[in-house]
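Consider the two complexes below, in which chain A is the common component and chain B and chain C are the respective partners.
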Partner chain A sequence: MKKWLMLGLLALSCVVQAQGNLEVNTPAVSSLKASMQGRFAQLEPLFAAGALGLTRDGRVEVRDPAAIPLAQRQSATSLVGAENRDRTALYREIARANGHPEWEADIANTFGGRWIDKARAGWWVQEAGGRWKQK
Partner chain B sequence: MLLGCGLLAGAAHGLSLESLALNLRAGRISHPLFKLEALELRLEGQGGELSLGRLELFGQQWHKARISCGRLALTGGAFRCEQGQLHLPGQAPVALSLRQEAGEWRLQLRPGPGEQWDIRQQEGGRLRLQVRQGRPRLLRLFLPREHPLATLGLLGRLEGQLDYGPEGLQGQLELKDGGFSSVDGRLAAEGLGLSLSVSGRQAKGSWQLQGRLEWHGGALYREPVLLQGAAQSLDFSGSFAAGAWRLDQAVLNWPRVGVLRGQATGGRNGLQEAELEASGLALEPLGQALLQPLLEARGLPRTTLSGEARVLARWQQDGLAALELEPRGAGLELEGGRLSLTGLEGRLQWDRQQTRLGALRVGRLALGRLESGSFLLPLQLSPRRVALSQGVSIPFLDSELVLDHLQASLGADGQDWEGALGLSIYPVSLEALTRALDLPPMGGLLSANLPAIRYARGEASLEGALVIQVFDGYLNCTDLRLIDPFGTVPRLLADVEARHIDLGQLTQTFSFGQMTGFVDAELKALEISAWRPQAFKARIVSSPGSYPRRISQKAVADITALGGGGAMAAIQSSFLRFFQDFGYRRIGLSCQLENGVCRMGGIEGLDRQGAYAIVEGGGIPALTVIGYNREVHWDELVARLKAAISNSSRPVID
Partner chain C sequence: MQKILSRTCVVLMAVSLLSACVTINIYFPAAAAEMAADRIIDEVWQLQPPAAQPQPNPNPDKKVTP
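On to the complex of A and B.
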C-alpha cells in the first residue's frame, strides 16, 4: 500500500513540474508523507466500502457515513479530519518550499485531480460539478 | 357513535349479508384524539369495506383511507370486521380486526408477526392503547411522507400502555433495541433503550404534556458526535399542537456531566427559539463527549477540559444567538502538553448581534515547560472576533511579559482563524529560563519587544527581531516562524545571528574545556521540528578585535572529538603536551545540516586537501586543530557533543 501511495505521489510530482517542483522534499514533507502513509491502512477499507471519497481539491470526505458501522463513525470522522489536516499541511509546505505560498490551492487541486486519476476501481471520486461518481 | 347506530339499524331489518351488496353511509365520528368523516360501509358477500373519506389523527389528515374486511358481521347489535386490512394512501396495508359490541369497540392492528397494537374504546370515551412487540415503523403510517420522522427508518420494539379518558392522557412506553437512520447516515441510532412516562390533557386544540424520558443504553450519532446511553433522563413539560410546540421546561440529567435546564419553542419548520442553562457542568466528560469529536473532525488536536462551568446558550431559528460561559477552576490542555491553561475563572459573553465585554482569570499558562503566573485577561467578544480590551501583564519567571494587544478573528470562510498579538518581554534571567527548560544554566538576560506576531493559514510569524543577551554578547533572531503549531509536524523556522559571545562563559556553562576569546555565529534557515534541528547553515568565527585567545587541552580534546575519528590535534612539538593551554589565532567551524547529515567546514581559506582547520594556532605555544571528516551524521555529532560535555573525551597530544 505504501508503494502505491509513493507511486501516486511521484506521479503527481512529474505532472506539475511545469508550475513548480512537487517533488520538493523538505523534512516536513517527508514527515507528512510518513504520517499519511501510516494512516492509509485505516483509510483504505473505508474507501473500498464507499464510505469515503476523494474530492477534487485533494481532500478526503466522509461521503456515506451509513457505510460505516455506527460505533466506528466518530473515529472514522476523526481519521478523515487528521488526514485532511496532513493533506492541507502537505500542499501548504510544498507551496512554501517552492517559494510561492499562493500556489497552495493550485497544488491542492493538482494533487486532487491526480489522486482521483489514480483511485482504485470501486472508489468514489468527486466530479467537476461536485457530484460523486464510483470509479 | 353515528356509525354504530347506522349499522345496527341495518342489521335490525334482517338483511342477509351473505346475499346482498349494500351501501351504508354515516356522517362522522368525532373524538378528542381523532376524527372520521364521510364514512361509508359497503357490504359484499361475507366481507365488506369501510371507506374513511377523511381521517384526522394527531393533527394529520388522510383522504380516502379504507378498511377492507374479509369477514364482516353485523349481528345482535355487534359489528365485527375480521381478516381486515387498513389501507392508508401511499402505505402498505396493515392487518387488523375491528369489533364493536355493547358500547365498546376494539381495534387490533397486527402489522407483523407477534406485533400487537390494540386500541379499545370503553364507555365514556375512554381509550386504551396497548402495545406488545410493536415496531415503531407503524408510526410512519400516520406521518406525512416528508415528515422528518417518516424518513428515519425507525426500528425497535415498543411495549406499553397509554390511557386516555376525561382526566387526560397517561401511560408508559418502552422502546427496546431501537434505532433509526437518516438517509445520509449523518443522524442515526442503534440499540436504543428508552422509557417514556407521560401524562397530559388536551385543551384548546393543543396538548399539555409532561413526562420523563430515560435513556438506558444504545448509541446515538449526530455527525461527528457519538453519544452512549448511560441513564440520562429528561423531565419535560410543554404544549404540543399540530402546527406548533412549546417546551416550557426541560431538565436533562446527564450522569457525570450535570443537570441542564432549558425551554424551547418550535413549529412545522423546526426550532424557533431555545434556551439552555447549566450550572456546575463537569467539563471533562462534556468535552470528551461533545468537544473532542468536533475538534478531531476538523483535524485539531485532542483537547482535555477540566473543572466546572456555568453555561447559558440561546438559539434562534437560524442558529446560536448568544452564549455565556463562566468557568470555575477550569482548565484546558492540548494533546502532548503543548499548551495548557489552568485555574480559569471569570465570565465570557458572546452575542451574534453586538460586542460584549468579559474577563477571564488564568491561574497558569504553560507552553511546554514554560509556565506563567496568574493573570487577568480582559476580553472584548464580537460576533466573529475576540480581542484584548487592554494590555495585560503576565508574570513570567523572575520578570513579566506584557501583552500589548491580541486579537483573533474568524476568516470569511468561517473555518480558519487569523490573529495577531504584540508582546513585550521584560528582561528575564536566562539562568531561570534555562533551568525551566532543563538546559544547562546560562547567564544573561532575555528581553524583546515584539510588536506584531501574526497568525494566519496555520503559520505564526514574528515581525521584528527577538534579541537575547547572553554570554556578554547577544543573539538576534529574525524571520521567526512557527508553522502548523497544532498539526502533525509543528516546526520552527528562524535566522539567528550571535555576536561577541564570550567563549569563557560559554565553555564553562557547557563544561566544554576552557577557552578565552569571543565568537560570532550565524544560524541561517534554521528549521526545528519535534525539538530536532532538521536543516540549517551554521558558521562560527572568532569575533574581530583584540582580546586574549587561549584554549585548554580539554577544549582541544572536545573539539577534536567533534571532528570524529579523522580529526587530530596537530601540536607544533610534542613537549607542548606539558602545557595546560595554548594560544590560537582564530577559530572557525561550519555545518550545513541537510537530510540528517552535517557537512562540516572550518576556517575559510585554510582548507587543505579535504581537511579543514577548526582552530588556527597562534602565539606560544600554538596549536592547530584539523578536521578531516567532512560529513557527519547529526545524531553522531550530537552524541560526540554530549560525550565531550560529559568529560569522557581525552586530549590527543603527540
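On to the complex of A and C.
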C-alpha cells in the first residue's frame, strides 16, 4: 500500500516538474506574429542603416533620425510605433495566456535579450548600461 | 529501520512535489521563455534554423577518410 503511494507521488512529481513550458500558441500571438512579420520588410533597411536600434526591454527605438531621409522620417516613426504596440501586446498576451500577467516585464526582457542576440551584424543594439553598440 | 526509511522517502517526495508546484506557479520560467522567444523571433524575422536547410554534400562520391 505504502509502496504504491510512493510510486504515485513520484510519478506525479515527475509530471509536475516536466510542465515548465510556456504557452505561445494562441490566436492573438499568431496574429501579432503575422503583423510583425509583414512589417519587418520595411523595418529591415532602417535597422541596416543604423536608424533603429533594439532595446534591452524588447522594443525598437529610433536611434538616429538623421539616418532616415527627411521624407521618410514620419512614416518610419509611425512604423516603429506600430511595431512597439505589437511587441507590447505580444509580451502581455504571452503572460496572460500563461496565467501570470505579472510576468510581462520578464517576458519583455527575455525577448529583448533574444532579439539582440539574433540581430544581424551592423545593427545597433542596446548594451546593459543603456548605451548603443553596433554589432 | 525500514519504516523510518520509507517514511523519509515519502516526505522527500512530497517536498519535491510541493517545490515543483511552487516553482511553476511563482517563479518565471526563464529557460522556457527563451525557447519561446527564439521560436517567435525566428518566425518574425524568418530566420531558418540551420537544420532546416541541409547543405548538400558537394562530393557525394568521395569517401571521407579519417
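Note that the second predicted complex is superposed on the first by the 112 of 135 C-alpha atoms of A that agree within 3 Å, B and C clash if a C-alpha of one lies under 4 Å from a C-alpha of the other, contacts with A are read in each partner's own complex, and residues count from 1 in each chain.
In the analysis below, a residue touches a chain if its C-beta (ideal position, glycine included) is under 8 Å from a C-beta of that chain, and two chains touch if they have at least 3 such contacts.
These figures come from a predicted structure and were not determined experimentally.
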item	value
Which superposed partner A:31 touches (first chain B, second chain C, both, neither)	first
Which superposed partner A:49 touches (first chain B, second chain C, both, neither)	neither
Contacts of A:94 with chain B and chain C, given as first, second, both or neither	second
Chain B versus chain C as contact partner of A:85, first or second or both or neither	first
First (chain B), second (chain C), both or neither touched by A:65	first
Which of chain B and chain C A:103 touches, first, second, both or neither	second
First, second, both or neither for A:20, with chain B first and chain C second	second
Chain B/chain C common contact set on chain A	none
List of chain B residues in touch with chain A within their complex	181, 184-186, 188-190, 219, 221, 223-226, 293, 296-300, 457-458, 483-484, 487-489, 491, 527, 529, 534-535
Complex interface listing, chain A residues touching chain C	2, 5-6, 9-10, 12-13, 16-17, 19-22, 24, 29, 33, 36-37, 40, 90, 94, 100, 103, 106-107, 110-111, 113-115, 118
Of chain C, residues touching chain A in the complex	6, 9-10, 13-14, 16-17, 20-21, 23-24, 28-47
Footprint of chain B on chain A - complex, ascending	26-28, 31-32, 35, 62, 64-68, 70-71, 73-74, 77-78, 80-86, 88-89, 92-93, 96, 101, 104
